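These are the structures in question, set out in turn.
After this come two complexes, each holding chain A, first together with chain B and then together with chain C.
The block that comes next holds the complex of A and B.
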């Protein structure tokens, strides 16, 4: 609501992304649908953020993401309370803060939306980490619901046909699991359509991110962190395709009319790892004060990074490869290669690495990636130690000094 | 042109005054709880020492954790850049600065012009910092100033393995209870700092000549531990503690 006493800054208003409101409405409706299944009779499945969601959409199951919820908890600055609650329950403070927040939240229905809807089943894919296995087992016991685990072997060097065959076979088990618990036959034609929408959504998301190649960038990684929610939660639906079409139009208009997200953009940076959800505004303002724009990141691009492995004509079969070769399920050398590709593509002047206390697989290898990028691209980099949700792992003055010093290096 | 650099750190505040490229004077005091006052007090204290009127000072640059609380400074610059400039002023050959301050330790790689090439800072944890030494000195009931010399008398440095200041303190207490010699415990503390800081500094590369800056440079035991661990010679200037303030004053001169 506008404050009549506070004059509106027309420049700031111009820079605001207008699609934000529609996005918020979509997310609100999505959570209302997910929380009113006692009236609609639909089933709810909790699924990991990198999990194969398309078969759920094809079965009319509403997918719900504890990790998206974790991000909301973090952004609402409610992470510490829930993490402490989990620690009271006996979980270690070294455990991922999403896992702690989710496990605690389930018992008290806390957080910004009063907890997630009760699941009818759980789908866990370990392509993002190993923690999700135990986390989902805990929740399966707590809610007394069936759990399906899709095991995607880590790709240390190259993708093998054995890995493909192993995951491909599990996809059949996944379908059988859904048929059993939804008590209906799986419709593969429907999946093919969902797959097409999923890929269309991913392509559009990539195009949205690509608009930041333009100098000055019309959006930053901080905007991507926000708009990401749809490709994660509603991937495979028409809603995503429509929304990103609209967002892409807005970004193209911003490029055409020269609207920069960071006024006077001088420095272009690449962000690695998850956002620090409880400090996105602070970090965004901090970098903007140095005329620095985070033009891209390795995180939000993960939800469109495996398009080349997906096949529209055999979406079901290609999910095996697509879901196995995501950014954090590959070796450090491959990750460094992708980081350098992004440095080149987005003309990044520097690399900002969030060493995330919670996300071990994402943070492991970062010093090697830093070294490789410095050697091969000669750009400076900065490591920030923090956490995506647990604010107790964020020390403002230390990070403030690091960012200022890093920017002094870039400017000198 | 007269310029002043003010370095408000977590434990101590430092100021240095430069006139026409020459260091005229410097001063150190405890920061206390009010960083804003510390900036003002160290500035007026230094001017009084030198008999220079406030109006004669052309420009002021603030640095350190309290850099943004020095309202009268013309500019705030981080201590990383200031230490590089200060070390380059003291010895232009220096290519690496190891700064151990009150609440953090840093390693800075610099080029032949004194520009920062890369830097690394400690994890957000007090182990390996001046505060860590303060806690240990209290546990051992030894004056911190005597720490360095005392550790040189060690015959068998004790092993302090914990990475946490609080747990390391309890390790020290159990070593005391076991009757370990103080000199050996202190030497062990210095070695634990040495190994932490060298591991961090290796991330940016410890290229000689290496200069140590920050208040902890006055502790010969830590300097020796760093040399032992890194296998490099470490230079310590008489102005180690005010190195950042000197750099700030030089930056103020442009």
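The block that comes next holds the complex of A and C.
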């Protein structure tokens, strides 16, 4: 919104990503659809962010993401209130802040969009953490709706044939679950089409992220945090493909015309872990003030990181491997390897590690990743102790000082 | 108590016991991080399973690898591993458990020098046929992996013997817990705790013999003077604190049962004999008392807790959780409300490995006893 008292800065206007408005419109329509199913008769499934959404799309079920909701709650700075409410309900303040915020929100229909639509079913894939299992158990008891768990065994050092067979068998159970609760037959031809769109969307998302390889980068990780919502929530739809096609065009134009997201970009940094949703703007400005751009991150690239395991000609079967081998469901040393690949690919000068109190599978092991990257790439790194949604775990003055000190090291 | 001295000694210094065992037998000691470790396979392989339930002192080296929001079990265990406190280990087995132990496995594998490293990636779901098939497949893989690192073929005969030993242990432990329930005062809570802890490190055949003797002698003892303590049930995770029992007892309570990870949880459920031993071992995992990091329906733990609290005629339940233990913390509100619905009062005590303020802990227990 324009502030009449503040003159428009043409330089700043030029750097703004124009697709943002369209993205907001898409997300608004998506939530309106999801919240008006009493008029359309569509079913709503709550699903984890790393979960297999394509079969839901193929069944015309509207997928709703408590984690995306958690991010919105965080960005709207409503996390603390809801987390405190969960603590009053008996949930420890040490638990994941997404889970706390969502569990509390379900009981009061609070938050930035007045709560999520009531689920008809829950789909939980534990490829991102064990927390979602406990969280979805809580919601299954609260809403008294069926819960399907896709159990994707962790890959410490290898991807085993036993794990493949187990997940492959569960995919059939998933289809049977959907057929039972949607009371209609599953259409595998439709899934094949959804799978093609899903993969097309993932490829485009990767291409969008890849534009930041260019120096200066046309977008930063902070932009990726925003534009990520579509590949998470509507993966498998034409909407995503169309939107990222447009976004990619805009990024290419920015590259061609030399529009940098951070004016005078000098330092290129890689971000690890989820965003600090309630301080993205502050962090973005803070780094930009040092002419530093966060050119890539390990988080948003997770939604296109398993393309190599997916097969367009057998999307259903290949989901077993694709959903099992996501970034966070692999060993810490493999993660370190991928971080170094990103350092190389995006020519990063430093690594910024968000040690996220809410996310143990993502955060435990970061100190080792930091050490490995320092040893093998010789780049400096910074650890920020924070949280994705609970602002009580963010010490602004301390982080401010640490970022300044880190940037001094980079500049020297 | 005289006959529990042997167990108390082992509990007081399990590492010394494991070192002596290794010296005496020349066998391999294998560290395990969870009650879902494939204990029967370890025994069948001629090795000694050594359960690691936390550390032995303050944390310094582990801080370079683990954030402060990791539980004391994970930090303590890593500290010991990095500090050469576990140098007697020939290897370590990490069953898949929670998010923290999952990452501990990686960090351990990359940094500790405790012999071979084996991940046994169990299913999280336990209540479907495909999960059972996977469990059996994982156990078969663990058997092959163990054969390789132990350089020994584990025969079906070895397995049948190990199953016999574990069925013996679990049956005798059930008798001990029945005694504790029906005749509280026959044995102190801290003695039961020491026995359970010894069951995690002692040569399992020796343990079975000693345990059987203890149980038989206790069963023959005349009924003790009726103990008037309030009947308390412990629910929760790893409890590395023997003092909890004396605190409860001096506050006027008697522990009559538990579902703790360092209690009865891992000692429940017998293995079927006669069929394929690997399938039988895998099947028991679905029947035994469940860890909150596993799934077997959305109210399985609550149903079990209410049933056990009633069976043990508990007047109150005390939840003992390690700080930063997510699976337990997520279950607490619903477990509490299920107990409330049955009119069973409960108290939550969150623990660090060392009681930070024993006085406060004692006061809270005393207040709870008074309320009952």
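Rule of thumb we're sticking to: the second predicted complex is superposed on the first by the 411 of 412 C-alpha atoms of A that agree within 3 Å, B and C clash if a C-alpha of one lies under 4 Å from a C-alpha of the other, contacts with A are read in each partner's own complex, and residues count from 1 in each chain.
Here is the rule we go by: contacts are C-beta pairs under 8 Å (C-beta built on N, C-alpha and C of every residue); 3 or more make two chains touch, one makes a residue touch a chain.
In this text, all values refer to a predicted model and were calculated from it rather than measured experimentally.
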- Query: Given the touch rule stated above, what does A:169 touch, chain B (first), chain C (second), both, or neither?
  - Reply: second
- Task: Have a look at where A:402 lands relative to chain B and chain C in the superposition and call it first, second, both or neither.
- Result: first
- Pick one for A:137: touches chain B only (first), chain C only (second), both, or neither. second
- Query: For A:88, is the partner it touches chain B (first), chain C (second), both, or none of the two (neither)?
  - Reply: neither
- Task: Between chain B and chain C, pick out the one touching the greater number of residues of chain A.
- Result: C
- Query: Counting only touches as set out at the top, which of chain B and chain C does A:380 meet: first, second, both, neither?
  - Reply: first
- Mind working out whether A:126 is in touch with chain B, chain C, both or neither, as first, second, both or neither? second
- Task: Identify the partner contact of A:157: answer first if only chain B is touched, second if only chain C is, both if each is, neither if none is.
- Result: second
- Query: Is A:367 touching the first partner chain B, the second partner chain C, both, or neither of them?
  - Reply: both
- Shared chain A contacts, counted only where both chain B and chain C touch the same residue: 367, 385
- Message: Under the definition above, what is the set of chain B residues touching chain A in their complex?
- Response: 65, 76-81, 104, 115-121, 123-124, 203
- Taking the complex as given, what residues does chain A use to touch chain C? 89-92, 94-96, 99, 126, 129-131, 133-135, 137-138, 140-141, 147, 149, 151, 153-157, 160, 162-163, 165-166, 169-170, 173, 331-333, 355, 357, 360-361, 363-368, 385
- Query: For chain A, which residues count as touching chain B in their complex?
  - Reply: 367, 374, 380, 383, 385, 393, 395, 397-398, 401-402, 404-405, 408-409, 412
- For the complex, which residues does chain C have touching chain A? 64-67, 69-70, 74, 94, 96, 98-100, 102-107, 109-111, 119, 121-125, 128, 130-131, 133-134, 137-138, 141, 292-293, 295, 298-299, 323-324, 326-327, 329-334, 336, 350
